[in-house]
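Presented sequentially are two complexes of subunit A, the first with subunit B as partner and the second with subunit C.
== the complex of A and B ==
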C-alpha cells in the first residue's frame, strides 16, 4: 500500500494531466455527497452541544462556557472526522467496487496493453479529487455544524446569537479552521489509496468485489481514526 | 418530489421488514445453535477493528479534553470527563460505525449473493421459511454481539485514554481512574447501552433488508452494499439525536424537574 501511495504521489507531477477525469471525480466526491454530509453533520452537532452542556453542568455547575467549548470541539474534531467517515463509506466503497470490477473483468489489463498507466489514469485523478473534495466539504461541514449548534443553543439552552459568537471568540483561533482543512485533506488522501489498493488486489468473482468493498470501508475508517490521532497530537504542540 | 417519495418508500419498506422479523421472532422457533454461531462470527470478525478504534478514540478524546481542561485548570477531572463522553456518546457511535462498515456490509453482500443466485428461493422451495432460517439468527446475532463489542471497545478506550493522559497531560493512572466513578454514573452507562442497542437494531435491519431485496445480478449486490453503508450511517446519526432527545425527556420525567 505504501508503494501504491508513493507511485500515486509521484504520478501527480507526471504528465499527462487528465483534467476531465479530475472534474468528473470531483463532482462525484463533492456534489453528490453534499446533502448527506450537511444533514448528518448538523445532527451530530446538535447532539454534541447538548452532551457538552450536560457535562459542564456536572463538573463546574454552570454551562456558560458551552458555546466556546462546543465550537472548539466541532472545529478541531467533529466536523472533519464525521465528514471523513461518511465519505469513507460512500466514496471508498464506490471506488473499491468500481476498480475491483474493472480488475476482475480484465479492463485494467486492457488499459496496460494500450500503453496507459492505470495508476495515472485511474488513481491519480481520484486521489486529487478526493483531497480537494474532502477539504471543501470539511469547510462546508464546519459552517453547517456551527449554524446548527447556534440554533440549538438558542432553542434549548437559551444562548443568544451574540452570546454564542462572543463566547466562541475567546476559544477559537483562526488557525483552527486551517488545521481542520489540513485534517480534511489528509483524510481525503487516505480514502482513495486504500480503495484502489483493495480494488487492484481484488480476487476473482463477485464475492471478491464484496470483500474488497468491506475491507476498504473498515480499513479506511481505522486509517482515518489513526491519522486523526497523529494529527491531533501534532497540532496540540502548535496551538 | 419523486426523491421524497423514494425516501419514504425505503423507510416504510425497512420498517415493514422489521415488523416481519419481529413477528417471526415471536411466533416461530429459532434454532439456538444458529444464533450462537452468528454471535460468534460477528464478534470474531469485528473484534480487532473495534479494539483498535476504541483505543485511538479514547486517546483522541483525552488529548482534546486535556487541551480544553487546561484552560479551566481542572485537569484532575480529565479521566472522568473523557470517559463519560466516550461512554455516553462517542463509544456507541464509533462502534456502530465500525459495525455497519464491517458486519452490515458483509451481511448485505452475503444475503444479496444468496438472493441473486436464487439460494433463498431454494430454501423456500424446500418448505422452510427463509426469514426463520437465515434472517432472524443474523439479526439477533448482530444485536447481541454489539453489546459485547461495546464492552470491549469501552475498556480499550479507557486504556488508551489512561496511557495518553499519562504521556500527554501528566495525569497518572491512579488519578485518571479515581475520577471516573465521580463523573460516570449508572444512568450514563445505561444511556450508552440503550444507544448501542438501537444502533445495532438499525444496522441489522437495514443490512438484512437491503440484502434480502437485492435485484439485478452481481452489480445489484454491489449497489446493495453501498446503499446499506450509506443508509445505516445516516440512520445511525439520526437515531443518535433521537435517543438523546428521548433520554433527556425520560430523565426529566424521572427526576421531576428540568436540570
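== the complex of A and C ==
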C-alpha cells in the first residue's frame, strides 16, 4: 500500500494529466455525495449541541459556553470526520468494486497491454478528485453544521444568532478552518489509496469483489481515524 | 530471428507451481499455437510471453529486450507493438464498441479526433460490426464481443498479437469465422501470432508451429504435421480427444 501511495503521489506530477477523468471523479465524489453528507452532518451537529447543553447544565448548571464549544468541535473535528467516514463507505466501496471488477475481468491487464499505466489512468485522477472533493465537502459540511447548530440553539436553547456568533468568536480561530481543510485533504487521500489497493488485489469472483469493498470500508475508516489522531495531536502543538 | 523468448522460466501463484522451467522461442512472423488440457498453464504461458505475468525464475526477452529489467516507461514502445485478445475479452464495459477501439488510439496521442474515428470505424467494419458502433459490450453477443476484442487488439497495428482461446464458448460457425478473420488479418498485416486453443481443427488451421503444455511444462513443439505424428501417447490422446489414456491420470 505504501508503494501504491508513492507511485500515485509521483504519478500526480507525471504526464499525461487526465483532466476529463479528474472532473468525472470529482463529480462522483462531490456532487453525488453532497446531499447525504449535508443531511448527516447537520444531524450530527444538532445532536452535539443538544448533548453539550444537557451535560453542561447537569455538571456546571450553565450552558452559556455551549455555542463556542460546539463551534470548535464542529470545525476541528465533527464535520471533517463525519464527512470522511461517509465518503469512505460511499466512494471507497465504489472505487474498490469498480477497480476490483476491472481486475477480475482482465481490464487492468488490457490497459497495461494497450500501453496505459493503470495507476496513472485509474488511481491518480481518483486520488486528486478525492482530495479536492473531500476538502470542498468538508467546508460545506462545516457551514451546514454551524447553520444547524445556530438554528437548534435558537429554537431549543434560547441563544440568539448574535449570542451564538459572539460565543463562537471567542473560541474559534481562523486556523481551525485551515486545520479542518487539511484534515479533509488527508482523509480524502486515504480513501482512494486503500480502495485501489484492495481493488488491484481483488480475488476472482463476486466474493472477491465483496471482500475488496468490505476491506476497503473497514481499513479506510480505521485509516481515517488514525490519521485524525495524528493530525489533531500535531495541530494541538502548532496551535 | 526470435521476437520473443523464454529462458528457464518458472511461474508460481502463491505456493502453486504453474510453469516449470520453460524454454521457448517465437520467431518473427510465425503463428505459434499453444494447446493442452485445461488447467495446465496455457494462459499463464501466453501471459508470460506477453510480459503480463512476472516469473519467479528465468528470463523473458521481448524484441531482444530483457523484459523484467525494463521500467513501464521503457516497456511502453514495445507494448504498443502488441495486441491481445483476452479469454474473457476484457472489453471496457463503460465504453461503447467504437470507444473501445478508439481508446488506445486516443492514448497514443498522435492522431486527430477525426483520424481516430475513421480508424476505429475501419476496424469495426473489418470485423463486421459497423452496425453495433454505439452499443455497449454487454448489449452484444459473445461472438461479437470476441470480434470487438480482436478489433481493439488490432487498433494499434501491432506486430505481435496474442489470442487467448479466441473461439472459447462460440458455436462452430462463429468459431470458424473468427479463425478465418484471424488468418485473414495475419496475412494482411504479416504479424506474429501467439494463440491458445483447445480446438485442434482451429490449431491446425492457424498454426505454423504448435506447442503442447502439460503439467506446467512444454511437452513438445513442432509443425502441425509433426504434432499429428508425434509419438508421445499424451499428445495423441489430446489431439484425438480419446477418453482413455495417460492424460486421465493427470487431469
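Keep this in mind: the second predicted complex is superposed on the first by the 239 of 239 C-alpha atoms of A that agree within 3 Å, B and C clash if a C-alpha of one lies under 4 Å from a C-alpha of the other, contacts with A are read in each partner's own complex, and residues count from 1 in each chain.
Convention: a residue touches a chain if its C-beta (ideal position, glycine included) is under 8 Å from a C-beta of that chain, and two chains touch if they have at least 3 such contacts.
Predicted, not measured: the structure shown is a model, and the values here were computed from it.
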| item | value |
| --- | --- |
| Clash or fit (per the criteria above) of subunit B with subunit C on subunit A | fit |
| Subunit A residues touched by each partner, larger count belonging to subunit B or subunit C | B |
| Which of subunit B and subunit C A:232 touches, first, second, both or neither | first |
| Partner chain(s) touched by A:210 [first = subunit B, second = subunit C, both, neither] | first |
| Touched partner set for A:55, first subunit B, second subunit C, both or neither | first |
| Subunit C, subunit A and subunit B - angle at the middle CA centre, rounded to the nearest 10 degrees | 100 |
| Touched partner set for A:110, first subunit B, second subunit C, both or neither | second |
| Contacts of A:154 with subunit B and subunit C, given as first, second, both or neither | neither |
| Smallest separation in angstrom, by C-alpha atoms, between subunit B and subunit C in the superposition | 12 |
| Subunit B and subunit C contact sites that coincide on subunit A, given as residue numbers | none |
| Subunit A contact footprint on subunit B (complex, rising order) | 49, 52-53, 56-57, 59-60, 63-64, 66-68, 71-72, 74, 77, 80-81, 84-85, 88-89, 94, 97-98, 100-102, 105-106, 109-110, 113, 168, 183, 218-219, 221-222, 225-226, 229-230, 233-234, 237-238, 240-241, 244, 248, 259 |
| Touch list for subunit A against partner subunit C, complex | 16, 105-107, 109-110, 112-117 |
| Residue ranges of subunit C in contact with subunit A within the complex | 47, 50, 52, 72, 76, 79-80, 82-84, 86-88, 90-93, 103-104, 107-109, 152, 156 |
| Of subunit A, residues touching subunit B in the complex | 36, 39-40, 43-44, 46-48, 50-51, 55, 57-60, 65, 69, 72-73, 76-77, 82, 85-86, 88-90, 93-94, 97, 101, 171, 206-207, 209-210, 213-214, 217-218, 221-222, 225-226, 228-229, 232-233, 236, 239 |
